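Letters A, B, C and D mark the chains in the order given here, with residues in each chain numbered from 1 onward.
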Amino acid sequence: MIIVLKQNANKQKVEDLIGGLRERGLSINYSEGSHTTIIGLVGDTSRVDPEDLEALEIVEKVRRVSEPYKLANRKFHTDDTVVRVGNASFGGENFGVVAGPCSVESEEQVVEAARRVKAAGASFLRGGAFKPRTSPYAFRGLKAEGIELLLIAKKETGLPIVSELTSLDNLDLFADVDVIQVGARNMQNFDMLTELGHCDKPILLKRGLSSTLEELLMSAEYIMSGGNQNVILCERGIRTFETATRNTLDISAVPLLKQLTHLPVIVDPSHATGIASLVEPLSKTAVVAGADGLIIEVHPTPQKALCDGAQSLTPDQFDKVMEQVKVLCKLEGKRL
Amino acid sequence: MIIVLKQNANKQKVEDLIGGLRERGLSINYSEGSHTTIIGLVGDTSRVDPEDLEALEIVEKVRRVSEPYKLANRKFHTDDTVVRVGNASFGGENFGVVAGPCSVESEEQVVEAARRVKAAGASFLRGGAFKPRTSPYAFRGLKAEGIELLLIAKKETGLPIVSELTSLDNLDLFADVDVIQVGARNMQNFDMLTELGHCDKPILLKRGLSSTLEELLMSAEYIMSGGNQNVILCERGIRTFETATRNTLDISAVPLLKQLTHLPVIVDPSHATGIASLVEPLSKTAVVAGADGLIIEVHPTPQKALCDGAQSLTPDQFDKVMEQVKVLCKLEGKRL
Amino acid sequence: MIIVLKQNANKQKVEDLIGGLRERGLSINYSEGSHTTIIGLVGDTSRVDPEDLEALEIVEKVRRVSEPYKLANRKFHTDDTVVRVGNASFGGENFGVVAGPCSVESEEQVVEAARRVKAAGASFLRGGAFKPRTSPYAFRGLKAEGIELLLIAKKETGLPIVSELTSLDNLDLFADVDVIQVGARNMQNFDMLTELGHCDKPILLKRGLSSTLEELLMSAEYIMSGGNQNVILCERGIRTFETATRNTLDISAVPLLKQLTHLPVIVDPSHATGIASLVEPLSKTAVVAGADGLIIEVHPTPQKALCDGAQSLTPDQFDKVMEQVKVLCKLEGKRL
Amino acid sequence: MIIVLKQNANKQKVEDLIGGLRERGLSINYSEGSHTTIIGLVGDTSRVDPEDLEALEIVEKVRRVSEPYKLANRKFHTDDTVVRVGNASFGGENFGVVAGPCSVESEEQVVEAARRVKAAGASFLRGGAFKPRTSPYAFRGLKAEGIELLLIAKKETGLPIVSELTSLDNLDLFADVDVIQVGARNMQNFDMLTELGHCDKPILLKRGLSSTLEELLMSAEYIMSGGNQNVILCERGIRTFETATRNTLDISAVPLLKQLTHLPVIVDPSHATGIASLVEPLSKTAVVAGADGLIIEVHPTPQKALCDGAQSLTPDQFDKVMEQVKVLCKLEGKRL
């Protein structure tokens, strides 16, 4: 961490600051120039809050030079983390595909979707029982009944299930859900992250619409610091000025995250743009960018979907995507 | 709402669509051109989900032309809503100032802050008991004890209090809190909004870091559709490419929101940039832009603040801000 | 185009507006609702400026429903445009790779770069003679001498050359340059676009840092409306809130542009992030997303580069990228 | 400047780097930690390009700690620069108002606009003769004739004139124009900036749509390093995700720029949002934020404007804005 001092900073206060930092076990490097004086801190700065330092009247600004996350950092854990659920896994050589409808609507719908995505090669069934919706007048999911229908589909097909938790109040209902999804809007719901750090289920953590990669990794750190190391990161598009797509898929996030962290990284090409015809090309980009999996919306009859129909694939379209994904996974040495 | 059809859309399917929309009580206008055919919907389209329509294979795109919010819409409620708490109010001719520390740290700190901000003319005390923090290793607030300390300060000074709720699990602790703040990260925590719609306290709803004004108004609509009409909107900076400030204060949001909605609108100049020296000029811009209030961080000793010290004012600095705010309020015909 | 009228709009003025629009050859559809009245315009609206209409006191807002570009629009030109230069081409089944140093620095450097990129399979040599630099104190290119050195490298290797024009004043110097590049900062330099519309060379048009896809296509339209149909579009990263990479590669732009336009689309993975280690994975994403080519910075000794060294590959690294690109091109049915 | 070294960086290469930096007259501070080693550079680093350093294989990243601009920096020039044109000035205690039509359309229009804005208290007439337009099919200005009409209006009213230069080819036509405007799209047209550095006219430099404040100041530095110190900076809105306004006015830029630089800073409330009804409140925010002036679009008959009518004020509306601006200027101690 680097502290840039104000010009004409009071000498005594500078000495006090340096003394205080040394007491916290940090080594100090002091460089005085004609216009700029900087203090370099070397050591474990993860518990030093840059904002505390910036509040000091002698400080002009503070810059971090090392990452504020430890448990999620590849520097301290070089091997890939593999998250396993039954026979399916994400990470290392394992590529996992999660597919299914945005919302669970009926037993028929979700079982049909499960059968078709399993046949196409998906390893997980997704389905929303609790749906975050921008409008209070929109369909918000079947809730407890939705979870039950997912479990029926799991029983019928053997596919482990992934579903989104929108409130800790419903956590009990997720006892038989295999992977708990934290949606983009809850990526910084720190109470939720803390609680999920104490549970023993894998967490699929989606990047917030305007969250930096560092913030995403800090949210993973929340879960991991509670004891749960099974975190799967998901890039699902960020909010930019471009309006031609609902969000902008930040594909560079995939190889960059793979450098920064040992956790598995997957891509959601459905929410990334909101346009069904882009799911196939974007799924392919995810594989060659080094992703460890995909999460894709598939609906037996998208035009009847109660939410996000525009971005859902039909089972036939999903078959076609999976054919391409399989070819590329083989090329990349990934096991689907 | 406007539906743009794909070229060569199947005629029977177009007729089916039009029939279905008519059944929902909408009047239809059909315009066929050589390259583009559009269907105009007139009537109450607030329950028509554009995404459902965009999923249809005959539809190219859908554009809303009227606002999807009703209860918050000034078109249907032309008079300003005034939110009152004891003698203090926001809205109409009333300008409310909320001030106090980012985090409640001790009785001495919060009572001292309360005395000073009251003396300067603030009408509410703010203080965080539950603090959302990006890092799991940072101070996250005194929690229940923090609320108790705020209530002591309220007793000492008579100032009503505003504090942030980060989880519904803590709602019981807020029984004597006067105004519940929903933070930027929870603006789309729909379970929380729904629950707060059933409570009888005013809600201070902060705009999310990457939320549009329409999304902010839809979140207000969530609370209002539950029965609670006492919503105060707060512009607190949005996330952009600019890194010189922590966020970018969207000052245009103030006069624009005042046109779109009857709800009071306040500004948070402290979080908007994270830079204490900008709080004074930005507070002044809020008043002349037509805001109904301010929420400002004030700490007796900002350099000792456990969070966000860099953006907190000293009580002396706050006195100076309030002098300016008073002059401008008078000019604008606002009662402070 | 859709015109939304203000509530209580003066009837006579509405009739005048409708009359005026009919005179411009547009057919009109008028839908009056209780709260919203809309006018739908069908016909060629490319010369109707929405801002002119929005200035009318009876108009609330105006929404385009059809694209404002015609010549670049795939709807009116379904076949892929193929841009050919000697034996190399972009578009259709042809995949073109442009490679070389950010700046031309010496004959030795550029000839060495040219030999190596040709051997690896590149079809064009790139090199900057005129360099846009943020700082007035930075190296701005060898200018006329740089062009001469590129022509020497062309003679030595037979590779056609691509170089950036930063001012029309230098256009004469580009007489033997094969493809003229318009940089991101000049994407809306309309005087330059107009002039290049009258020349007979292919134009490589880079997307501006904060330009929408529609704006990119409108800039292509500028060139095409002057008579020059040989425009190659280039996605090179947009500016967002994310600071981990210099820009954010908008990979969805590739398949979306291929739907919207018949022009070839290429990707610049070097500028997209500014990080050399991401060039390989991003080049691969470009191929599978359907791009028609790549433009990559390669420097014999990146650590000695006078600009943008951080994002340049060594020739050995480029060899490795090209091996991967070739495999994926074959899979995609593209001829490299 | 801070250089963060890679873990396990080759010792000899690190020593070579340090030697090279010392030769450039910089003092070096070297801090080795268990996971991070940093080199602090103190001295004049304005000619050290961070990207050159980041290209070295031993370097992980580079962070600037001092501003890369010198001539525009308030640290080296504490007094406000005042830009004077005849009796009108920007900067220090002087507040300048530039007003007039977006485009010059006719003698009658521009003379009428000039008379009215002068009567209301404007000190400069603005008018576009060369108009950058997104569409090649839109009106692009009267060009040379437009400049002539502006000069007629100047003769009639005595108001000095401000007009936008879109290409250096037209510079001769600007001989009698008092202030040359560099538009947002040309803020990084470095050839133009360099040339204008050699001229003796004040330059009104508009911030680019996605330019940081540092980039704006570097563009001012370009002009100043050529010898022309008369630069006026203009905040005119930046591009963000918000679509309710055309751009987002970054009002914090005003007080922050006033801290960072001695140059005058003005605000364009018309282009900032594209909505006429927001010009009055935003003009007021500019004054209280500490701006040195305003540039406002005024058209005798906005509904007949050939461009940007939606954001133009009528002369009567402008009168009302100026009344408010005068009151606030008096309060702020500014001379209008």
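Rule of thumb we're sticking to: contacts are C-beta pairs under 8 Å (C-beta built on N, C-alpha and C of every residue); 3 or more make two chains touch, one makes a residue touch a chain.
Note that this is a predicted model, so its numbers are computed, not measured.
Centroid distances from chain A, each centroid being the mean of CA atoms, peak for D. Chain A and chain B have centres, each the mean of its CA atoms, that are 26 Å apart. Inter-chain spacing, taken between the CA centroids of chain A and chain C, is 31 Å. Remark: chain B and chain C have CA centroids separated by 39 Å (rounded to whole angstrom). Counting partner chains per residue, chain A has residues 210, 239-241, 243 touching two or more of them. With chains as nodes and touching pairs as edges, the resulting graph is complete, every pair of chains being joined.
Residues 46-47, 49, 51-52, 54-57, 68, 132-140, 166-169, 185-186, 188-194, 209-210, 215, 218, 221-222, 225-226, 239, 274, 276, 302-303, 305-310, 312 of chain B are the ones that touch chain A when the two sit in their complex. Per the touch definition, chain D reaches chain A in the complex via residues 2, 4, 7, 27, 29-38, 40, 42-43, 61, 63, 65-66, 75, 210, 239-241, 243. Residues 210, 212-214, 238, 240-245, 248-256, 259, 272-273, 275, 277-278, 281-282, 284-285, 287-290, 327-328, 331 of chain B are the ones that touch chain D when the two sit in their complex.
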